[in-house]
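Below are two complexes that have chain A in common, paired first with chain B and then with chain C.
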Partner chain A sequence: MNNKLACGKTILTGNKAAAYGFALAELDVFGGYPITPSTEITEEMALLASREIISTTYRNTDSELASMALGIGVATAGGRYGTATSSQGLALMFELLHWATTAQLPLVIVNTNRSLGAPWSIHPDQTDSLLFRDLFMPQIYCTSAQETLDMVLWAYRLSEDPQVNLPVLVCLDGFMLSHTAETVVIPAQELVRKFLPEKRFRKDLILPEFGDKKIINLQCPYNWEEHSRRKRALVSAMQSAYNAIPEIAGDWFNIFGKDYDNGFLKISGDPNAKVVVISMGAIIGTIEEALAEKPVKVIGLRFFRPFPEKELRNAIGNASKIIVIDRSILPNGHGVIADELRLAGGACGYNGADIHSFVGGFGGQNFSEENFLNMLSAVLSEIGPLKKTYWMGDAP
Partner chain B sequence: MRLHGLGGQGLKSMTQDILAPLISKAGLEVQAFPFFGGERRGALVSGYLRCGEKKITTHSFISNPDMVVIFDHERISITKALEGLKPGGIALINTVFPNQFLGLTRDWQIYTLNARAISLMHGIGNPEDPYMVINSAMAGAVLKLLEPIFKSQLSDNTIKAVLNNALSQKILENYAALLEGKKTVVKIMADASAMWQWLLKRRIIPHLTQPDEHCTKCNLCYLFCPKRAIETTADGAYIIDEEKCNYCGICVTLCPCHAIVMVT
Partner chain C sequence: MKPKDIAIQPFLDSRHGLCPGCGSAIAMAHIQSIVSQALPSGKIKKIRSMVIPASCWSIGSGFDGVSFIGTNLVHTPFIAGVTVGEGISIMSKRRGVNNDEITIVWAGDGASFDIGLGLLSGAAIRNADILYVINDNQTYGNTGAQESGATPKGAKTQTSPEGKTIAQKDILEIMMAHKIPYYASIALSVTTLDDFYTKVRYAADQSGFRCLHLLSVCPPGWKCDAAKALDLAELAVQTRAFPLVEVTGGCLRLTKPKREKPIEEFLKHQKRFDGIIDSPEALLKFQKQIDNRWNYLLNLTRPA
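Showing the complex of A and B:
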């Protein structure tokens, strides 16, 4: 049992915070194949494991694909597995990631967001993880180093929920969060154990004992009826994840005293504002700071999958303008969150409000407070965008 | 605060592993992050550091800093590095020749130190290496400049503990370099230069004593003499050529044993 981990207030980068999240989750195995900008996570895990500060088995793998294969093995055998990657690495995982989701194997992947090539870039946007929005895999986006640590623990709790059993992706923005040193409070191991109990075996996945005559095949070919039963099970697992999140947030509050509200959203600013800004990831903090004095409500999506449709409706209330800032782009020319909102709201608006969509931040484009103020004044003065997508930094 | 350095000089570890924990221990909220161009030695690296009493949530670059730190003014463009620095803001420059920045004192407060010499003096880094690690001396200077805003002063033990966490070797050497950086950072003033001009006009010309028996032949004065005025004789002693010497005083500042003295 690992109780040699120091706890309390300290300074950690987003990457190290994620590694401490893994350490506190008391993994059985961590598979490492380092890639910029998530390298530090793998390095820190290797360090903690080699110094026997944690009792996790650390394995260098041949590639990201191999680290997913290892994860599938560990999760099938009932172990707790984690790995970290970025952009091209996550893309390389895709085949086995799909397998792990559809086989309903609980494990956690931390993805340090980085632009997915071409062109080659080490800097962040969110196109890499949002590419996987069609998988049955909850996606969490963090806004600070502290949240990264907390969300890794949430991810295991959600992933191993008996009604869910799905891989969970925790995303933090490369460099903006991954390399930013901030104040982080590392929770005590005893409290974490209360929040995240030891992993329970799934009844339908109990493996035969070594030497047992009975051989079973867990993922053998099935007829279409069984296949479609499994697909339905995935949909209900995703629904269960939706239901489990507020409960996890409540437990977190009871044990650690930190209030994440219902878990889905990070809401700040003027509660009665007529203008709502929606975005995701590390830029939430910048937006909050930039628009602190303005009559604006800022909503950060903590969970992108399952998409918090109902919670968003409540949070938006009777606002008349929604500004969405996306750091991703779809072939139809819109950002992913804006598209998702339009889809959920039917055609153009959402909750009766107009959606003003902005995209940008690709390949590490920096958003300053001024960018957001310009954006807001363009929208407020009505000369700005209506129902179409604008690129951040362009004059409206 | 915005920092400009070159890959290998230790800018990233200084901001994240030394300054950030120390500032946090001094009672302030802190956030620090680097930005890399190319991931290699000698490539431009910048660092950003925010600190204050308010919780920091923003995650953007800093375009109008209160303070700029420059690790190398020869390979980094000073004009670019100082871009956006608020009027009256502080610029801290690692340099051997402080007086070349006198022109900047009109708009900003300019502080300098010779971090390279300090590091070498304490046995850190290789003098042949153009991207030598100089971060502990720089950290000392930054701490000195931030001291007025600290809520509680840092004890020597706190600094040692943080260095112990941040470094894998040469902890005592780095600690000594940090203290030396703290001690030797100086503000350069246009007024001082005026005094210098006046001194020259009055022909009260200073002169240097030749290295005395305290000299350990560490070679620092020879390495850093901008005029190549220091030579070695056949038996290894150092001699200052009074004709080449321009009395810049670098050897006097550098000499760890005070073997050279400036007499006015």
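Showing the complex of A and C:
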């Protein structure tokens, strides 16, 4: 059955854009379970499937655990699967998410970012998805509704790359992006099929096709050599994902004409600036606007996993100050991106540049343009980073 | 078709890791043999896969990618088996081969009564097209016999050393509440063989959510003689400790044992029940529970 999805220019919220990404990916099965703020994705998929606008089998599951279990089953049988969740839901999936990554089952989860409790909060920070940074699972962060739609399709391309075969997580900030309507161009299904062909199978990782006499035992215990080989294969799958991303970005440009550069980063501002600002997600747009007249370069991480070390090194260049804005906090007092940068580039940061780490955005703390301007002047007036982390809104 | 007409095929490789006398091992070989023959409707179904949530079968059914049970195996985390099976069966339907192949989920009592109950409920109410076997040995066998929701009240386990103090969960009524197309309890023994074969064949022939509640004798968990597995399955039925029921279309049918025996005939071969056997009072109470349960089920068989 062919999709009867209308294409062309329209206005969509981030959540609906994600749903249209799923719809265009022509899934076999979508597993739905509601959680704020991702619910609209699930509702839209239920609507599109039950009105037979798409031929996807939609199931209301009984928990996020069940929606992940369903995905493991569908992917094990060679089907294309998607689901959407947020925060507590993603956390509940953890055991099965780890299982799906280590079983190398391709599927896509859209996570509408929301603070992970306690305490209760439906506001967006990135503590939910970043908790999963140790999984063998590429993570994409979107800055606009259009990018959200596009990245869902990228996610399937990457997930089903025969050298990758991993679940992929697509993140969009709750409310800021999920509930904000923007102009979006829904691409034509024929073009999407050129970009994302029918699912390709790695036969050793899934059930044999109907009629195949081969008998397989998936995820049984192995001797230590094979078990180690599987662990190494995961590392190389992540490396393959790293290598595949520029190629995906190139294909996207060739088919749709939209330039995502090498895919990893969204870079704007003064190319020769001595100050770079690094962050991730929907606040990138606000940062860009706030600092538009300043001599800074703004770098948004589109991919957090695999962590784009090489691309960051190039983008940071000879900058002398690096400002990192995180909406997450670790037990060592670092924001997650700042921590990754310090780990990857040494304690002094890339190329000797100092890292000025800012964290905040918890429990609904809003960042205004003024916050970013204050942040910049505080950094510029300092010789080196005096504290390891500044909390947004505190007097530096 | 009589049981003798169904040759037990060599489904179970001798390398399997199940214990001597394991009731589940022999039932696995029988069920696979029955399902793989022509079914009452004449259909022949291929077992697409046996889905195994954490259990003795996780480590006993194969190694290094080799299946010791003659069919495809899909291992899953403890909680997830039933829904993984549902996902596989949805893909059979989407490929148009759902009448030609069957997905079996083989889950223990822990996975069904306890940790996986929520997901089991979800898959059952969605009428997932799977054959769900509750491999019930009344204990967490793989971890060395700890108390589960299926452990009978009074039985000793590693985590109830003085005997279980709370009730056994009623999985029959839980499943009945989901209005599934078919539910049957089965026990593999010489005198229950016809019943066993008829129910398994019928279940395999249907579509939708079919549940077989299999009593699996567990010699290490029940602390009984490994050679007694078949006898104990028979005694469980004859003493009404494990009533044989069948539920189709919401109607319950109860099979009266041919030769009835007092409960102590079942209990006395198992050290897990020695606290009951040693106390006439406890034994009387246990017998009373069995009788009450039987009468309760008998009532359910009568039209309202």
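By definition in this document, the second predicted complex is superposed on the first by the 379 of 396 C-alpha atoms of A that agree within 3 Å, B and C clash if a C-alpha of one lies under 4 Å from a C-alpha of the other, contacts with A are read in each partner's own complex, and residues count from 1 in each chain.
As a convention for this text, a contact is a pair of C-beta atoms (placed from the backbone, for glycine too) under 8 Å apart; a residue touches a chain by one contact, two chains touch by 3 or more.
As the structure is a prediction and not an experimental result, all values here were calculated from the model.
After superposition on chain A, the partners chain B and chain C are accommodated together without colliding. Ranking chain B and chain C by residues of chain A touched puts C first. Using the contact criterion defined above for the overlaid structures, shared-chain residue A:207 touches chain C, although it does not reach chain B.
An angle of 100 degrees, to the nearest 10, separates chain B from chain C at the C-alpha centre of chain A in the overlay.
Contacts of A:34 after superposition on the shared chain: neither chain B nor chain C is touched.
By the touch criterion stated above, A:282 is placed in contact with chain B alone, chain C being left untouched. When the two complexes are overlaid on their common chain A, residue A:317 makes contact with neither chain B nor chain C. In the superposition on chain A, contact is made by A:217 with chain C only, not with chain B.
Of the two partner chains placed by superposition, A:246 touches none, neither chain B nor chain C. In the superposed pair of complexes, A:183 makes contact with chain B only, with no contact to chain C.
In this overlay, which is a superposition and not a single complex, chain B and chain C have their closest Cα atoms 27 Å apart.
Put simply, chain A uses no single residue to touch chain B in one complex and chain C in the other. Residues 28-29, 57, 59-63, 65-66, 68-79, 81, 95-96, 99, 207-208, 210, 215-223, 226 of chain A are the ones touching chain C in the complex. Chain B contributes residues 12, 15-17, 20-21, 24, 29-36, 39, 56-61, 63 to its touches with chain A in the complex.
Note for the complex: chain C touches chain A at residues 46, 48-49, 51, 58-59, 61-67, 70-77, 79-80, 82-95, 97, 100-101, 118-119, 121-123, 126.
Listed in rising order, the residues of chain A touching chain B in the complex are 9-11, 13, 36, 122, 143-144, 173, 175-177, 179-183, 282-286, 288-290, 366-369.
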